[in-house]
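In the two complexes below, chain A is the common chain; its partner is chain B in one and chain C in the other.
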Partner chain A sequence: MDAPIKRTGAAPRALMLLLMIYLLLPLMATCIYAFARDWQTTVLPERWTLEWFGGMFKDLRFMESLWNSLYLCLIAVAFSLLVMLPAVFVITVYMPRLESLMKGLVVLPYAVPGVVAAVGLIRAYSSGPLNIAGTAYILLGAYFVIVLPYMYQGIRNSLLTVSAGPLLAAAELLGAGRMRAFASVVLPNIWPGVLVSALLSFSVLFGEFALTNMLVGGQIQTIQVYLYHRMGESGHLASAIAITYFVFILLLSALLMKLGQKVNGGLKR
Partner chain B sequence: MSVYLELQHIRKRFGAANVLDDVNLQIREGELVTLLGPSGCGKSTLLRCIAGLADMDGGSILLDGKDIAALPPRNREIGMVFQSYALFPNLTVRENIEYGLKMRGIDKTARRRRSEELLAVVELTEKRDAYPQQLSGGQQQRVALARSLAVRPKVLLLDEPLSALDAQIRKNLRAEIRAIQRQFNMTTIFVTHDQEEALTLSDRVCLMNKGRIVQEGSPEAIYTRPRTEFVARFMGSYNVLSRQDALRLFGRVERAAESYAVRPESVVLLNGRNEPLEPGRRVAEGIIRSMSILGNVIRYDVEAADVRLTIDALNDGRSLPLAEGSPVLLALDEAQLLHLDREGA
Partner chain C sequence: MWLGLVPFLIMVLLFQLIPVLSMLTGSLKPASGAGISFGFYARILQSAYYMQAIKNSLLISAASSAIGIVVGLACAYAITRFPARTRDRLLMFSNMTSNFSGVPLAFAYIVLLGSNGVFTLLFKQWGWSVFGGFDLYSWSGLVLVYVYFQVPLALLLLYPAFYAIRDQWREAASLLGASRWQFWTSVGLPVLSPAVFGTMGILFANAMGAYATAYALVGGNYNLLAVRIGSLVAGDVVNQPQLGNALAVILALSTLLAVFLNHKMTQRARRLDAAFVAGPRPVRKRRRPPRPLNAAAAVAGKEEL
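Presenting the complex of A and B:
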């Protein structure tokens, strides 16, 4: 080789390439299929069209399910933020002995499979004082539990990285009340990190299917439930939906990474 | 001078352990007192109790004639500098310094004036608009110092402020802290585990162990007259000899005590047997086991009568040509044999 700096050997490169092809090929095919009109005997489609995308956006149910997903996830994340931010703050800074309990509590959603959780929830909430099975409320409750680990870890790590304890102590000794100290020196510093975990939670909820379908599938259509129902009708349409969804998540992830860089950069500087 | 800050019978338990066990301390206005001790001795906890950041199980804190033990931290008029600096990363240097003034509702012009004053004191005027992350560790700690001084606290608490810094910066900042403390006549408590730091900085040193102050006094007194074995071992590389050791080494010892401490620099090495002996001098034979040059001092590890002794000699080119394994004579003034009390007495 005459290249002065040899970065990576040929074998790892080939392996990477293969892996990329393996991962991206289905996506490429789906993408092409979403734009194809006639695609039978040729390698690439004979004619292209935007018909499937047009039909999708014209379908009121698609727009409605997208909207459903959007506002349900937003409300769930906002609610989680509202509860978890003060809770995790108090536990991390003032009651570190409760941390082990929280750590155990927070991984429980992983331990219970979605289907089991759904059956249990429906049983528990379909009678008695809290008869909310099949409504958006039970879904919001379930969403809250699903994002618990992400929110807890994210907020806790942010608090530890900025050493919220000493910051708060310093502010209090300088004459600030606890609330004011929290608002002026803790919140601005953990905000980027908290935002990242909120966005992560949002994208997790956006892609949630099993629990949603079982809990409220008959009553409320989220984007995932809608996608599932229309999958059988037309491959082209399903591809178009999948691609739209993929682009949406891609944009969200890009935003996440950008924010993450900002958090790390701010600390490194 | 009268007492300015007084700690009375401070007690704190953590589970079954006594973290602070009846601590009493009186500090005069403008005095710099260090709390010195190994980690876990309770010195930082004591500081946090004074600041109001930790609860006490008993005792009172009188500051300027007023009991502040029940007050929240923000009403205690106490400034504190932390080992981790604890600067607010979202605020500039100037905003950090002005934070306390802002919380007290002081108007902008007055805040500006005060922060400029303090920026000049800590020599960071040029950095006023920088963010803490853009400063070096030493600079950050100077900002933290300025920030706590800005509100004119009655007492300044420094919790191992130099421990996170490089050796050279540590020495410079140490001198700077002392100069600023004198300039403002600031009543200061300085917590450290570094005995050299405590000796160079303080008006008074309080050596703590297991939640108690075991000895307090001027740096001079605490270094030259340790009262217990713990103090002797902590304050320097004192040789601690039991009574039997001392008898075996020197034949007879005038005053009876549990144990004795000998400073490494107070033993003199002689290589001839026929040098004249001054009265009151005790002599023993020994063998050099190892030696190391510490710079201005050569440190010998000498074995004599089954006792290992650390002996320091000035590295001024006039020391004896001694090698490892060579026999020597040790000479010691009986007055340099310090009597130690039983531990805890």
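Presenting the complex of A and C:
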């Protein structure tokens, strides 16, 4: 490290400790609640149990909502990749002048809250030629828009860091067709970075609630919507679901971080 | 070559541009007949109920952003005092917990402080009546929960700004006889101000658009703009979807304005930085600048979905 090593003072340490306790408190409470048989007027529960987790996995509706979440997010991410890879590639490599326009389109969902997006989607597609309100199709369209910024940034950065333009020119010079050059030279090179943004998009979609609940809440239950409906019934069961969800997201982001480091580390060498 | 763009353009048109357009035209349509009318906006302005929803949303967003900024500033300063390794670990930790948002977060707070919450019962048993008046399902409760997801975001957006304050400035100021307080009020905070206002914009937009947390915590019992819109267009009894369009346009305007503020402030900060770089080069090395946390920043950028 090139910075002069200074001892961290007591005040910053205390502040950070407080922050960590503050951020952990809701998580810990949910976790303890999920393992407690009953938890009333003591600091910690007196009896522990695993029955809430057992009940969760025996609950068919839970398994169904988990499955719904998984395959909807997977399809949305795969579809987004299929559409975004060629689009970002064409823009970045062949039409850099259109980049600012594309960027404007792509960051818009960032500034528009999910509730607002849902209002527009419901009005546009509850009647008329494309009546898809309440179906998985409208949800997949909405998911496509949500992950736009993440996908665009990820793919564009990967293309720039591997200098896709010159790479492609070299491949074409050696006799590869444009499609072949893209598929067998550019794609394998940008793959790790693209995987990171795909995973990131997946975890964002997995935690989505506003759009899902407003667009298809009555028809399709994802894990978040299911958790919402279970909250009022059994607190312990809901805790178990919340903790399972959080652990899953945690594992996913740990994987994301590992991959991200690998991608960055690979570039430095 | 253009072919590669076609699916993208179709998707953006179908699911981004047409819905926004549809919402706009819907909000400007008269209740009956053709033409343009601001009737729905006028009705919102005249309705005490919807004005209260807007006011509540604005107040909660402002309060939670202000608290988030103050806590975030203190924590961001503290975090820059740690060695780079520890700092990155702390940031990672704060980002990890920010995955815990929306419905699960609301639920966790109900477990902690709801009417049968662990702390609520404990405080009652111990006779701490100071907290007796606290109600999680009210204004103060909502602010408390909102602050939870604002702080990690504020921290993440603010801490890089502290690296713009050079050590030499502090030394120069103290040589010239300035106290720490004087240094921060006349040098430190002005340098930080673009970052502070920019972050404020993001936090405000984040809170205005927050739907999941509020919906799960108070449902329809507290009058908030986002929740009101939700029940108008997708509730159990959809009675006035048109009014929902107009309210949604108002909400979108407020968040777009806040994000625009952030954009302006980032530009200003960049200009400031460029001015310093163009000036005489600092003699001593700066402290190691923060490593960009792109992926993490992207996630935290939208706390609430």
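Please note the rule applied: the second predicted complex is superposed on the first by the 262 of 269 C-alpha atoms of A that agree within 3 Å, B and C clash if a C-alpha of one lies under 4 Å from a C-alpha of the other, contacts with A are read in each partner's own complex, and residues count from 1 in each chain.
Going forward, contacts are C-beta pairs under 8 Å (C-beta built on N, C-alpha and C of every residue); 3 or more make two chains touch, one makes a residue touch a chain.
This structure is a prediction, so every number in the text was calculated from the model and none was measured.
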item	value
Chain A as common anchor, with chain B and chain C clashing or fitting	fit
First (chain B), second (chain C), both or neither touched by A:180	first
Greater residue coverage of chain A in the superposed arrangement, chain B or chain C	C
Which of chain B and chain C A:25 touches, first, second, both or neither	second
Touching partner for A:211 - first (chain B), second (chain C), both, neither	second
Inter-chain angle, chain B to chain C through the CA centre of chain A, in degrees rounded to a multiple of 10	90
Partner chain in contact with A:150 - chain B first, chain C second, else both or neither	second
Which of chain B and chain C A:189 touches, first, second, both or neither	first
Partner chain(s) touched by A:115 [first = chain B, second = chain C, both, neither]	second
Touching partner for A:249 - first (chain B), second (chain C), both, neither	second
Which superposed partner A:170 touches (first chain B, second chain C, both, neither)	first
Distance of closest approach, chain C and chain B, by C-alpha atoms in Å	15
Residues of chain C touching chain A in the complex	1-5, 7-9, 11-12, 14-16, 18-23, 26, 71, 74-75, 77-79, 81-84, 86, 90, 92-97, 99-112, 118, 121-122, 125, 148, 151-152, 205, 208-212, 215-216, 226, 229-230, 233-234, 241, 244-245, 248-249, 251-252, 255-256, 259, 285, 287-288, 294-295, 298-299, 301-302, 304-305
For the chain A and chain B complex, residues of the former touching the latter	162-163, 166-167, 169-177, 180, 184-185, 188-189, 266-267, 269
Residues of chain A that touch chain C when the two form their complex	1-3, 5-6, 8-9, 11-13, 15-16, 19-20, 22-27, 29-30, 33, 39-41, 43, 82-84, 86-87, 89-91, 94, 105, 108-125, 130, 141-142, 144-146, 148-150, 153, 157, 196, 200, 203-204, 207-211, 213-215, 217, 224, 227-228, 231, 235, 238-239, 242, 245-246, 249-250, 253, 256-257, 260
In the complex, chain B residues that touch chain A	51-53, 72-74, 76, 78-80, 82, 84, 86-91, 99-100, 103-104, 131, 133-134, 144, 147-148, 151
